[in-house]
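In the part that follows, the structures are each spelled out as structure tokens.
Two complexes come next, and they have one chain in common, chain A, joined by chain B in the first and chain C in the second.
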Partner chain A sequence: MKCVVIGGNVKVLGKAVHALSRIGDELYVEPTENGLSLRAVNSSRSAYACFLFAPLFFQLYEAGGPDAHGELFRCKVLMKTFLAIFRSLPSLEKTVSKCLISLNPRASRLVVQLHYKYGVTKTHNLSFQECELLQAIFDKQLCTSTLCASARVLVDAVVHFPVTLAEVTLGVGPSGKVSLRNYVDEETEPSKTMVTELCLSEDEFQDVRVPQETQVTFCLKEFRGLLSFAESSNLPLSIHFDTPGRPAVFSLEDPLLEVHLVLATLADSNASSQAQTANGACHKCAADEDFAVDDLESYMIAMETTTVPLPVLWVSADTVAGQSSPYSQPRGAGRGQ
Partner chain B sequence: MRFRAKILDVACLNHFTRVINTIAKLAKTCTLRLTPGKLYFILTDKVANGGVSMWCELSQGNFFDEFQMEGVAAEHNEIYLELMPENLSRALKTAQNAKTVKIKLTNKHCPCLTVAVELPSLASSSRIVTHDIPVAVIPRRLWNDFKEPSVPDFDVSIYLPVLKTMKSVVERMKNLSNSIVIEANLNGEMNLKIETDLVSVTTHFKDLGNPPWVLDGDSQNSTQDRDPETMAEARVDIKKLQQLLAGQQVNPTKALCNIVSKRIVHFILLHEDVYLQYFIPALA
Partner chain C sequence: MPLLLPAGAGAGAGAGAGADGSGARYVLVASLDKARHLSTMLRAVHFRDVATCVATANGLKAGIFQEFVVQEESVTFRINLTILLDCLTIFGTSSLPGTSTALRMCYCGYGYPLTLFLEEGGVVTVCKINTQEPEETLDFDFCSTNVVNKIILQSEGLREAFAELDMTSDVLQITMSPEKPYFRLSTFGNAGSAHLDYLKESDLMEVFQCNQTQTNRYKISLLKPSTKALALSCKVSIRTDTRGFLSLQYMIRNEDGQICFVEYYCCPDEDVAETEL
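The block that comes next holds the complex of A and B.
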């Protein structure tokens, strides 16, 4: 794969890498027919982000030829290393005129070359690892509710919450009032925690299609990463969500770039206590990469007692191929660690 | 028990926020006393605070456009609440361009001070942010714990140097030592000293001036008989001093300290309409 980014798009690429770095420790680089896809997932599989840059985003884009299995070569690199190349966005904007990225399966390095003013060129050779396909299962069309707003509105909304806040609850009430509230989990004493709630009226949004009152709780930290990208791109942000527990999808679209952030949402804590215990157990076990037998049992219990099937955020290539190890079962959406 | 107040003026809001930020730097938890005319932020000298105590008094009329309260009873028309000023500081932080800020005492999942901020927005209706800050109501029988501290029988009273300078000196010293000696005399001289095994550093301030205290009783005589060159000193925890100085965002109108040799250092800071007293006990 070989691609060249020039001018202002170098900064856009840099900002995308910054947003992805808020999600996971590894950057998945995947050239496709439709463009270059950069993806990341967090360790508990509760957050997934994908930036797809169309061929027109680049001055030059060559996806490379398919291998013996008919697949294009893909790899993953350490996020820290890739981010370091694009660390300083102001200097990228001012001094970098061209960025060349090339991935040769036969070579053992991913090459990122930045061409600066005054004839300086910096070449970074990153080692990579081959990897499986990283693809979250989600379908925006299946989400019952949609909100669309300019990033500015949302950025101004989240500024009222402390930077360290983990989770936020987005609710749509009667008469289209949209609220954002910090989520206080059951373990924290309510009389010790400050509760902040922001109400936005329907007309601050470009589109509100929410058939019934609903509330979803998701991780704010990962959402903030996307928000700061959205703010600089000036594109409207759409939020697609469904019932609590089903993943929420945040997306930005434009002819050159498609961005999706999929976040797991908390299963409804207002449900009956039995279901609550089940959901609680599910959160804990989803956090472990390897299920211990006990946790798997409670996970199984959760499957049985809740009427809404637990969200399937994540399917690995193994499962798609039909291997039957219990440990590669579709994993529930737990909270990110 | 009821309390509702409203701030409409931006300058008043900024000023109130600055006061709250100062208090938040001095105390993790403190008592808010509300009376019809004034607000008080009080910290009593419990062991948990390291023996420091604070008394901050504001006239509500200088900040609020509306202020209504009803205390626990007619004869005791006051409200005492325990809260974390950091929460109030956070609530006000993003409210600086608000149209109005309302503060009221509510009972949600527990007694709360609710701060409702009305923000300008492009839409027809304003954006409202509410912050519910949990508070604890302090019963009347404990009100005696929160009396205004009296000015101690000091050995030396002196005006402080420019706080910005004092702050940067103390901040550098904090890296070298855990305690600092504050000494001053009636000749307007003050020294800040630290001493460790490896190094000792002293900063000298001159021509500070000594405030003229008019006190009843014999205490004043002993001060007048005092040799102006003799230093009164106290060794205090440097972090407490640094916290006090760090919280001062604007130079006060009047800043002085009273030193009771080897016992306590009493700071009085007057900034326009805010009166702050802060006591730091001497280390053993």
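The block that comes next holds the complex of A and C.
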């Protein structure tokens, strides 16, 4: 695989790496026919992000030939090292004119080369590990609720929460009122906590399709990482969610770039023991496991780690929002990527 | 030449400092009307607590002093640099326009303390810092006739590079060559290698005189302290000799336009492994 990024897109790539670094410790690099995909997942499998850069994002994009199994070569590298290359975003913008990334399976290095002004070039030869395909199973079309807003609105909302806050609850009430509240554990003493709640009216959003009152709780840290990227890209952010316990999907789309962040959400309050598994042990999916069995109760996002197509995780939406409602039209163009 | 009499009693009195009436005779007197010039330079070499000061008639610092008199052929003493810096900046380190600290530095010779007279806004402070036995100064025996390769670069090209050096690498490898890659800095860290290449035609390159391809490795821990001098400098000269010894000369221009130089010497790392491409 070989690709070249020039001009302002170098900074976009850098910002994507920064957002991914908020998710996991390893960066999965996967060239595909549709472009270069950079992915990350956290250790408890409760957050997954994927940035897909279309071939047109690059000045040059060659995915490389498939190997004996018909697959394109993919690898993973240490996030810390990759991030160090793109660490200083202002300096990327000011001094880097070109970035070349090349991955040759036969060589043992991923090469990232930055061309600075004044004829200076920095070449990084990073060691990588081969890896299985990293793919979260989700389908936006099966999410009953959708919100769409400019990133600015959401950034201005989350700025009110302390930086250390772990989880936030997004709720949609009657008449389309959208609220954001810091999540407070049931075990915490009410007299020792401060609750902050922010309400946004429907007209701050570009689209609100929520069939019934609902609220979901997810981790704020990873969400902030995506928001920071979204704000600089000026793209509207869509949030697709369902009942508590099912993953929420945050996405940005434009012809050159597609971004998906999938976050697990806290299951219902009567299953408080499940909340303990929030940062629990990693749930590794073996290649041949049948996913359709018990993962509905799991806090973890199902991760597909092979290329064998597997059934979509959760049962279809008809068990959830059976009543018809003006808001429940399925969203078009959702892709189970 | 007669021994210099203390300030106020003879010709060549320094600016602004109070007279020392003790009748002591000085072997070294240096006066400076902006102590900051000296403290800035000393900070550039402040990576160990002690420094050996060698003053000769051609002392490196002679260019910035208004008065610099040395009685003996060379005056050497060891002094705690941290304390010296603290004294030089005793009136504070911020530089308000129109104010400056005047300095008169005096030394009577072996066994005597280094006396600093500092004055700002009519307030005089006298500091006496005990001096120590001078230790053997390393003589790298780096002479210009043995220089094989020489480059002068504008410092701004190296500052970020040095700040972002992969510190998991034990060594910094420097390649200088009349052919590609011309000038290359390489590190070999935990996650892989990194190479920073400068073209000889680069706008940052002021002088490029490389006769022979040389690749030398230096312990990165030895070179890291030089980043302080790099940050203050406008230009740096990088030279290697036939043994692979490295000389870094940083040209620092202070706010009055005076030029000073800070030099670093480093010997190559003994265990040289195969260069990783």
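Things to note:
In the analysis below, the second predicted complex is superposed on the first by the 269 of 337 C-alpha atoms of A that agree within 3 Å, B and C clash if a C-alpha of one lies under 4 Å from a C-alpha of the other, contacts with A are read in each partner's own complex, and residues count from 1 in each chain.
Rule of thumb we're sticking to: a contact is a pair of C-beta atoms (placed from the backbone, for glycine too) under 8 Å apart; a residue touches a chain by one contact, two chains touch by 3 or more.
A quick note: this is a predicted structure, and the numbers were derived from the prediction, not measured.
In the model built by aligning both structures on chain A, chain B fits alongside chain C without clashing.
After overlaying the two complexes on the shared chain, residue contacts for A:G119 are found with chain C alone; chain B is out of touch. Look at A:Q206: by the touch rule set out above, it reaches neither chain B nor chain C. By the touch criterion defined above, A:T32 reaches neither chain B nor chain C.
In the superposition on chain A, A:T81 makes contact with chain C only, not with chain B.
Touch criterion met: A:S91 reaches chain C, while chain B stays clear of it. In the superposition on chain A, A:S127 contacts chain C only, with no contact to chain B. By the document's definition of touching, neither partner reaches A:N104: not chain B, not chain C.
In the superposed model, A:P190 makes contact with chain B only, not with chain C. With the two structures overlaid on their shared chain A, chain B and chain C come no closer than 10 Å at the level of C-alpha atoms. Across the complex, chain A is touched by residues 87, 90-91, 94, 108-110, 121-125, 127-134 of chain B. For chain C in complex with chain A, the touching residues are 157, 160-161, 164, 166, 190-199, 201-204. Taken together, the chain A residues at the contact with chain B in this complex read 156-157, 159-160, 162, 190-201, 203-204. The residues of chain A lying in touch with chain C in their complex are 77-78, 80-81, 84, 87-88, 91, 95, 109, 118-127.
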